[in-house]
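Each chain gets a letter, A, B, C and D, in the order it is written, and its residues are counted from 1.
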Amino acid sequence: MVVQQRRRGPLAGRWVVLIVAALAGDALATSPAPNDPHRGGTLRVLAGSGAGTIDPQVNYTLQFANLYQSVYDGLLAYKKAPGAEAFTIVPDLADAIPKPDNGGKRYVFKLRSGIKFSNGREVTVTDVAASMRRLFKVSSPTSGTFYNRIVGAEACISTPTTCTLAGGVVADTKAGTVTFNLSEPDSEFMDKLAFPHAVILPADAPSKDVGVAPIAGTGPYQIVSYDPKKQLKLTRNPHFKLWSADAQPDGYVDEVNFDFGLSDEDQTTAVANGQADWKYDPVPADRLPEVSQKYPKQLHISPLTALYYLAMNTRLAPFDNPKVRQAVNLALDRNAVVKIYGGPRLATPACQVLPPGIAGHEPYCPWTKNPGKAWSAPDLDRARQLVKESGTAGMKVTVISSDVAVEKQMGIYLQSLLQDLGYDATVKSMSANVQFNYIQNTQNKVQISVTSWFQDYPAAADFLNVLFSCASFREGSDSSVNISGLCDNGLETDLQRALATGVTDPNAAAAQWAAIDRKVTDSAAVAVMFNPKRLDFVSKRLGNYTFGAQFYFIYAMAWVK
Amino acid sequence: MAEAAGDIIAAPRQDGAPGLWGPMLRRLTADRGALLAAVLLLAIALACAAAPLYAVHVAQTDPFHSNINGEITIDGVQRPVIEANTEGLGLGQTPIGPTGRAQYLLGADSQGRDVAARLLYGGRASLLISAVATLLGMLLGGTLGIVAGYFGGVADAVLSRLLDVLWAFPVYLLAISMSIVAVGSGLHLGPLVIESSNPLLPALIIGLVGVPYVARPMRAQVRALRKSEFVLAAIGFGVPTPRILRVDILPNVSGTLLVLAPLLMAINMLTESALSFLSIGVQPPAASWGTIIQDGLALLYTRPLVALAPGVTIMLTVLSLNLLGEALRDALDPRLARRR
Amino acid sequence: MIRPLLARLAQMIFVMAGISVVTFAIFFATPGADPSARIAGRNASPETLAAVRLSFGLNRPLPVQYGLLMKRLFVTQDLTSFMNRGELVVPQIFAATPVTLSLVGGAALLWVGGALLFGVLAALRPGRMLDRGLMVLGLVGISMPVYWLGAVVNLVTQSRLHETWLFSWVPPLGYVAFADDPWGWFKVLLLPSFTLSVFYIGLYSRVLRSALIEAHQEDYIRTARAKGLSERRILLVHALRMSLVSVVTLFGLDFGALVGGGALLTEVVFGLPGIGKLTYDALQTLDLPVIMATVMYASFFVVAANALVDMLYAFIDPRVRDA
Amino acid sequence: MPELATPLLQVRDLRVTFQGAEGPLRAVDGVSFDLAAGEILGIVGESGAGKSVTLLSVLGLLGHTGAVVEGSVRFKRRELVGLPPRELQRLRGGDIAMVFQDPMTALTPVYSIGWQIVEQLRAHSGLSKAASKARAIELLAAVGLPNPAVQFERFPHQISGGMRQRAVIAMALSCSPAVLVADEPTSALDVTVQAQILELIHRLRSDFGSAVVLITHDMGVVAGLADRVMVMYAGRVMERGSARALFEAAMHPYTWGLLGSIPPLSGPRPRRLPSIVGMPPAPDAMPSGCVFAPRCAAADARCATRPALPAQGLHAAACVLAPDERAAARARCLQGGLNA
């Protein structure tokens, strides 16, 4: 079973790299009229398995963020449009994007009226306040890093059950407005409100992780059933009335079935045979040549800002010893893993955390033969020397990877690499349905794991702060995104300083982020492998393929008739 | 017909061959199928035993070491083991196919490792584990069968009830239950601790699971022997039980055991490969035919040989084991162990 | 007629109890890591461990634990998997049962039909080409791992020959419920059922063939010939009916192996969400509660099927009816 | 028994050879005899003399043993040897019926008795289901089974051996065959039932008018029932003649031996029953001359060539002894041969 777990993230306007996807037959962001000929049919999507819980405020995977885009709405949303246009923030349930006042610490949102949840109840400001409180009650993974500046958030983070957010989020039913008060200004707060964890749910939604029981939403589709091993079914939301084509367009297809349980190989064959319309997990490398020859028009490559990396547990032998982590970084043959992922057209080797195209990215690679700006080749001898110096040769090391085809192969490669470095290495691949939670939980004593990271919102902070700040590390919890457990005071102060300068002087902040990037890369808490591109393989009958850099393939805008 | 039968085959001729084995061996070697099976089995076993030689001298690779960026020279041309696709969009990488030469004879798998060398190493694991499991099954099943069959009474009641339970338990589910507990945290039998990566573990489990296949026919035959005159006579003479078991029961039963051995080994081979396929048998980095098939499935549609080759070798091995078992049974006595 | 039925029922209940004890012992009493860690599986946060210890009563004596487990499995059916955040296990099994039933039912039909056809054909003229050929084919059939055969079937029907008219009808892998689309359901199950039945067709055609040949040496066959009946009628009416009696007893046992083993592997390769696939997914995450439940329910199903077949046996053989 | 009417069954120089392991085995070596309508012919001899094989070969019931049948067998002037199997099959059960020795295994256990009789009726007569059922019940009554309608539904294991043999005979006679061959019909039954069956067979001739060939090794049965008797030894006919002629004026030493071994009902109890020394020859070690010579006390040089059985004459024997030598030879045989 294979499911690809990645954090998602948009890309800010400041994005430089050429955007237009070479092949994407992009269509304008339109919303289908009731009698549109393309309307109707069932979209069949394949994935290895579900991606853990269906709770939009708890789930932190790209697979389900892609799903939530047409099921839930936040006060704000990213524009449902092809390419970079998808990064402009547009009002969704709120009727406008307010100007911040009180020194950038207060935002007042006016809620649109007449919008209904799929359970028939109308959306009110009390739902908005309740949703923000729920975010802390279910200890959402980003509650500590994204929303900690809301007044009262600190209390909610320490004791989630009794969270009130008093003074932080004030709902005024008569005026139909919701006021957000921040403890200090946050230039990226608008992005954070457009993030799935901040979607608006019915006030009576249970204040604990709902697991597999769907919660009513406001988008054009509603989740009807979810079995992580069999299927997730979406049907049209009967109460949906179009209110903003940019924020939440109506969908073409009547039904969307996410079918789970097939291997990567069989999924690719099913799409090739036209038996399925889209495949979430990456196409295995060995099928790409055949697919790219026979179905070139059904392939879409889109650039991304993301990274694949090896998370090494800095608090567990042998990776508590920096020399060992450096040895892994040096020995890692980044060309090999790029080949596993599908070759240079789909991935570029990388050593540093910040991917190109993010403000603060300055090419830097210490972990290579003749270190400099770019990675050239592995340096096995130095790596072995470091291992000898560390005195940890012969130790037992277990690599944890998901059973997504490409990740499983990387796990096997890594096991063989560690074996070369002198360790007694084994590899354990497990269902992607649980792998991401498993490697975060310190109880499971994971030494080294294969994982990936797609930013949540377009800023260096979303890489360096979210992945390496102490706030992102929670002992014994499934939501501890700082997998390597790096919590270093010096780094903390740098991070806070960069965040603060970011509010006033973005350029100065960029230089600071570059310095932090170099510091984190030097600490070798992780071994960055490469920056991937997104490849989508769709069926012949699928029309109006739209790839929004924000939410990727916008299934609502595709038609099958 | 009785009288007619008497007419045709007069008193059975004594050709002077000693005891049980003489005529059986003669009939066995006369059976062409059995000979072919024995030769094939021997060839596969030898080839697998020679896996290290093959890996070092012929394939010149370490079949357990990832060789994704490796290169090989064919007819003087330097070619990558994992070839990048150049046509069309230039996407994707495919491991090299069967080269028909010493290196990468059957091609490479997704990690660029030599499939032929891995096949031989995998064979060692599969054959070894199945053999140990068969031995265990024969010993345990045999003793259980003899004890239950011979002693009767309480022993038989208890043992046969236990066998009924074990026999009704779907084999794979029993193996899965035990494997998952063992794989999870290794087996702690008092002082003896077997970690989950130790191949002895699957052998132990498969052996245990195979016990009913031996115990049931053994018990049936020993019970019949127990009632036969010559055993009753021996007991009548006051011959001590161990001696009766050794002298009267065992030789008569050894025929059945001999027949059961290859048949049980065949079943164990299939069980081992299934458990390894479910990744609860042989644990990586070790490899067995089951795990190689699992690797092969990831390349099924582009390099099918990676999955087909181990499957065919399993089939040939199990086929020859079955042939051998059947030939043994027919050579010994057509009535014997009709179970499978 | 009633006495053998009751005896068989009692034996069935005994075996089921035996299996539940064996399974309980394996999961709870096998020496090694503390069972709560094993059951909590991958998700070993302190609160989860405590919750497991409490709900399974691990601090209480073994019989109590056994009782608790049985209650949670069969009575209250509230056994939860700790991997998937409290997902109820038993409803998943009931949801998966029809898939496994359809697969196993289809395989059983093909198995009996195939074995009858090939067994009789082989026994018509023993020793001839057809007989030897079928018997070798049978041997090959029982020597192939079922999941590998499934992969080969997929390779041929889904990819290499998918465009040819022969296999263009082959639907995508996965399951179509009978209620939604009976024809689709049939198409989806045809190849998996065939793959699953090949082993048993091979096995049973050989068993039936030797049973038929043996039956031909019996006196009642000579009487039938003396009555002037045709060879075909003797084979089909007398020899076959008698051979079926001995074959049916084996059917029960192997039906178990089919459900417990073969079906599991076939479901994995063909992506059918049955009890086997449920067990396989649980294996990937070492999700013990699910495995405990699937092992118990599958074994009970097999034992019940065994008992059913034995009763069928009484119906087929009049001699047993009066015993 | 009119000799003149063309005999129902004419067997001339019947030879049956089997493919033994080491070469052809001649089980029946030149047997000739006739059977007239309504006549009871007893064929007697030790087991292994080829009695059953003779009759089985006539009916083509030797199965797949690859036996070769030569010579001529005419039934109502129609040559049976070499008849296509379908023709012979139509004959069996319709014109020539056969009853075998062991009633316990003669009937198919899973079908009721009535059903099996109906099966034969419908195979030959094409009667409707109801008519065949009525006929079958009639037959069961005719063979003396109490309340036949109930027996009709019964299964073989539900009735005694004697009743089962009666049912088998009823089945054999269902199509009122011209010839009923009874191969040791009473050997498997205990004495009291034996008498009833023999009495039944005797009555058959009058009730059904069918000729009977009674194969037995029991001289007493032959004496009581047969019109004519034929003595067979090692696949050849030693002597034939009317029952009376044989018992009172046997010509062949082997017949003397057989008669001698019947315990006398009256007169002094002999200390030891006289028996014929030695064993019948194995099929692949046939003596050249007279087959009985090795065991015949009266044997001399003349026996080296095989004595022919005279074709004509009611009472004849295949022996070189001239009529006048018989008395002395018989005394010598009884005295010398018996207690040597």
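What we mean here is this: contacts are C-beta pairs under 8 Å (C-beta built on N, C-alpha and C of every residue); 3 or more make two chains touch, one makes a residue touch a chain.
Note that this is a predicted model, so its numbers are computed, not measured.
Chains B-C form the pair joined by the most contacting C-beta pairs. With centres defined by CA atoms alone, the chain at the far end from subunit C is D.
Remark: subunit A and subunit D have CA centroids separated by 95 Å (rounded to whole angstrom). Computed centre separation for the pair subunit B/subunit D is 55 angstrom, with centres defined by C-alpha atoms. One inter-chain figure worth recording: subunit A and subunit C are separated by 42 Å, centre to centre, where each centre is the mean of the chain's CA atoms. Put simply, the C-alpha centre of subunit B and that of subunit C have 22 angstrom between them. In subunit A, the residues that reach two or more other chains under the touch definition are 263, 269.
Contact of a single residue of subunit D with at least two other chains is seen at positions 100, 102. Residues of subunit C in contact with at least two other chains: 154, 158-159, 219, 222, 284. Touching subunit C in their complex are the following residues of subunit A: 1, 49, 52-53, 209, 211-212, 227-230, 259, 261-263, 266, 269-270, 273, 275-276, 403, 430-431, 433-434, 437-438, 441, 443-444, 476-478. Across the complex, subunit D meets subunit C through its residues 59, 61, 63-64, 86, 89-94, 97-98, 100, 102, 105-111, 116, 119-120, 123-124, 155, 157-158, 168, 171-172. Residues 126, 216, 218-220, 222-230, 233, 237-238, 241-242, 245, 316-319, 322 of subunit C are the ones touching subunit D in the complex. By the touch criterion stated above, subunit B contacts subunit A in their complex at residues 64-66, 68-69, 82, 84-85, 87-95, 110-111, 197, 279, 283-285, 297-303.
Within the complex formed with subunit B, the residues of subunit A that make contact are 23, 263-265, 268-269, 283-293, 296, 299, 301, 333, 335-336, 339-340, 342-346, 405, 408-409, 412-413, 415-417, 419-420, 425-427, 429, 535.
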